[in-house]
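Multiple structures are listed underneath, in structure tokens.
Next come two complexes built around chain A: one with chain B, the other with chain C.
Then we have the complex of A and B:
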């Protein structure tokens, strides 16, 4: 099944990017595990003719050279989702866009490069009231929003929203990525 | 393929020992925000309380079982919404099967026994249909059986689908070299054989012959929801045995039958279906995948035009397969398709037929009815038969299965030529 853009994650970032891309005339699909608290952008996305795969999860895919060719999902059972561009907007720890164990933090869908302190003792600040270091961990992107896997940039895979490292605004990062894709 | 790591809910499962992921519930209440019953009925405690929260107590002592769990529609919207992979709906279904006592056994048995009632009613359909439709009988059923008088039972057919198949179509099928097995389900067999005939038309045009299982029982969904787990299990075993006798793909035209056989047999009834599950498919998914792989081509009639709105049944939403039906409909030139956001129609199979549930049922469906009426489609397309009854009764719109729309829109001769290579 072919789309122009496949967005993984149906939260505020995923739906905002989806709305902007649908409005620009691109055909988008959002693979959305769990439920977004932001109903407005999701409803707008559906209204604009966007496709949502509700409660579904990307389970694998295929990267050729520096491009993602397709992904497959748990529910679609063998049907491959192809697209020109992909956006990763799966959020941080609570929505499990990032997974942490005792030693490391990783991005589970593509294995994108993640910026975090290699010393787990420094992940949290002792005082509950401090801003927590782990809040700033996240996926590394280049100037145009593309992610890298083991140091190699993936040309058609972007990240947006909470999953990004540092302090990026959810909505503006999503709109930036959408503008980047529309401009290509 | 990239190397896989644990993701989503699974990443928390490394040390998980609970059934149905119930320990993974973070109490976030997202399930409560999508539960159609909770919004309509203040007596229902909602999926979180009825499911994982209540389960903690029920494990200690079954007397904590809450009778209001009967209000669960088993729509599984809670499971679709859950970010932690908790099988909220399954937990509730299993609790009901384990602890609930029948509230109205005669009525519930009648509603659940689709095969028994269907096989008695079909030979006498010319009498049964007008009798069941008469206001006097409806009032009587309302007061004696507590089957709501507003409901109309689906009409019984003059002949079962299986009879038609044996008499009219079976010999034709042997001309083909490739086959699918069609699990028709009770509705097609006793009430609406034309849908089964449409499937045979489409399959034959695609150069596939259609077999029917040599012994088929109701998938058992109504038995599960009415608490007859032993009967449901017997039906499941009969169906699975028939499926194991063939290596053909098992196609269905009902989203709920598909969902029940693929997921509820294993998750709710605890039956191992791993050897056949992947072969049980909704006809629209099978067709779409075949078309995409270039194994089947469809030719359409010229001048076909229809304004269609697709309603995503809750079990379709749970399976995540609505896309196959909508993409097939989009392939038809002249089809103007709208797909509004997913809403529950409120009937939930036999649930809405019960007198005590009628008001809730209609209240839940109201938003959908309003949306559909405002879109003014010529037909509503839907893969679920009980949604069809509910939408037709509550909106006056006509509801068709996507397979019937396809059968109407394809040029049978041209399609046959395309696929006979």
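Then we have the complex of A and C:
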């Protein structure tokens, strides 16, 4: 199956980007674990003709050169999802966009470069209401919102929303990425 | 007014155990606890009812004491004890020849210890490390220290004792060198009050050193921090120990729906005892050693880390605190230091708390010239008067859970009007919260947690704390404190989550922050 853009993750960021891209005339598909679908933009996305694969999860992708060719999902039974561009909007830890163990933090779908403190003792502050370092960990993107894997930029893979490192606004990061893709 | 026969300082298991014994013997008792009941070492240990096997080789007296008390507590505190049994396993890296002497020492101390085939052990306890080359079965058990202390405090009150939590002793009242009372400050209101009694018992655990100092004598405690990890699942059904000389992190105890690995043992300065935190190195060590007992721990979510301070009385300068005798220390300060009216009961362990209470109360009665026999080994604690589980057929799970925690005291709970479950992990109903607020000296969410297990489950309170806080505040007649209850409670939960914040715990932490963190706007 081929789309213009495949969005991985159907939270606020994924759905917002999806709506913006459909409005710009691109054909999008969102692969989202059921509960995370963001109600309001989701309805709009469907109204605009977007495709949703609900309750599904991207298990991996195929990268050739500096581009993602396709991704595969848990439920599509080997059917590959191809697209010109991909957006990673899987959120942070609770939504499994980032995975942690006692030594490291990684992004599970593509192994994108993640910014985090290498000392696990510094991930959490002592007091609940203090600013929490782990909330600023996330995938590293360049000026146009593209991610890198082991230092190499992946030209058609963008990241948006909570999965980003730093303190980015969810909606504006999603709209920025959508604008980049539309402008290409 | 404020005149008692005996004042007991300390709201741990030793204090409440002594209070119960004194009250049962007809004394007018006042117990003063600096914070909540069980807020110190009593609430920060393994929850292991020792068979004594752990001490059989190194300390025969403690071992014999443990097995005697173990048998008594199974009877009088049935609703607090789960008779899981225990295994002492030998792994390939351990010396199997230790086992024979271990069994001999156990039997010598009166502990039924029986070598079993490793294959048999694996059948009995499928989570045990399959690499084991030896196994010994002993009568270890799991005990809920919160429940046990609560039941003792409740029985003391039912026999006339007055229990004042959040009352810190600030000075002793002396008549010449006789101690005739104490001055205590209500830490919640700041008010100070005088209380009088011909005898004061220092049962303040590790903090007993400071109490003794205030009274004008010296007890040198050797604070030994013990850190533990609590897992979100109960991987084992029996207590699993290593069959070797006692060392770090070699006991895995099941309790309720969780299990606990511990402990470490490190000397800490007295000043640090009020706020001890688990370090990353300790977590690593506990996990590494724990996985040797039960490999599945490697894939099990860690709910939280916590640490307590053993009230060991220093006998030498052993930095590990392990060579110190775990024996009970009863000090008559009249004889020892020329301070009449003051005694200390310290050392010992959770398993031997009842005996500590008996010894202290014997001395109290002796000093007061009262002749009264100790009955704490015979009379069941409130909640354990009779086995309720047979009659629990057909009850809802939440009511059974309440029976498990509070025993026969469920008769005081209003299930017909307050049946809704507020904490779903632990099945705590509004009825049980109302009961705890009314009868169990609950002043905040942490107190409530220690009495009912509210928020101790896998969500660590994320889903229920608002409901529970609102219900508690209403029952206590202070609805305006709901927000404060929540804030205090989260801060306390965070303290235990922070040292183990990766994997599932980090997901939970992120979620908790989203729900409850103070927003900057």
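The criterion applied here is as follows: the second predicted complex is superposed on the first by the 182 of 184 C-alpha atoms of A that agree within 3 Å, B and C clash if a C-alpha of one lies under 4 Å from a C-alpha of the other, contacts with A are read in each partner's own complex, and residues count from 1 in each chain.
As a working rule, a contact is a pair of C-beta atoms (placed from the backbone, for glycine too) under 8 Å apart; a residue touches a chain by one contact, two chains touch by 3 or more.
Just so you know, these numbers come straight off a predicted model, no measurement behind them.
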Look at A:124 in the shared chain and tell me whether it touches chain B only, chain C only, both, or neither; answer first, second, both or neither. second
With the two complexes superposed on chain A, say which partner A:40 touches: chain B (first), chain C (second), both, or neither. neither
A:51 contacts which: chain B (first), chain C (second), both, neither? first
More residues of chain A in touch with chain C or with chain B? B
Looking at A:93, would you say it contacts chain B, chain C, both, or neither? Reply first, second, both or neither. second
Where does A:61 make contact in the superposed view: on chain B (first), on chain C (second), on both, or on neither? first
For chain A, which residues belong to both interfaces, chain B and chain C? 94, 96, 99
Using the touch rule from the top, collect the residues of chain C that touch chain A in their complex. 277, 280, 283-284, 287, 490-491, 493-495, 497-498, 501-503, 506-514, 516-518
Sites on chain B touched by chain A in the complex: 1-9, 11-12, 30, 33-34, 79-84, 278, 285, 288-289, 292, 317-321, 323-324, 327, 339-342
Note which residues of chain A are touching chain C in the complex, please. 92-94, 96, 99-102, 120-121, 123-129, 132, 134-135
In the complex with chain B, residue positions of chain A that touch it: 1, 33-35, 37, 43, 46, 49, 51, 53-57, 59-63, 73, 75-79, 94-96, 99, 106, 108-111, 149
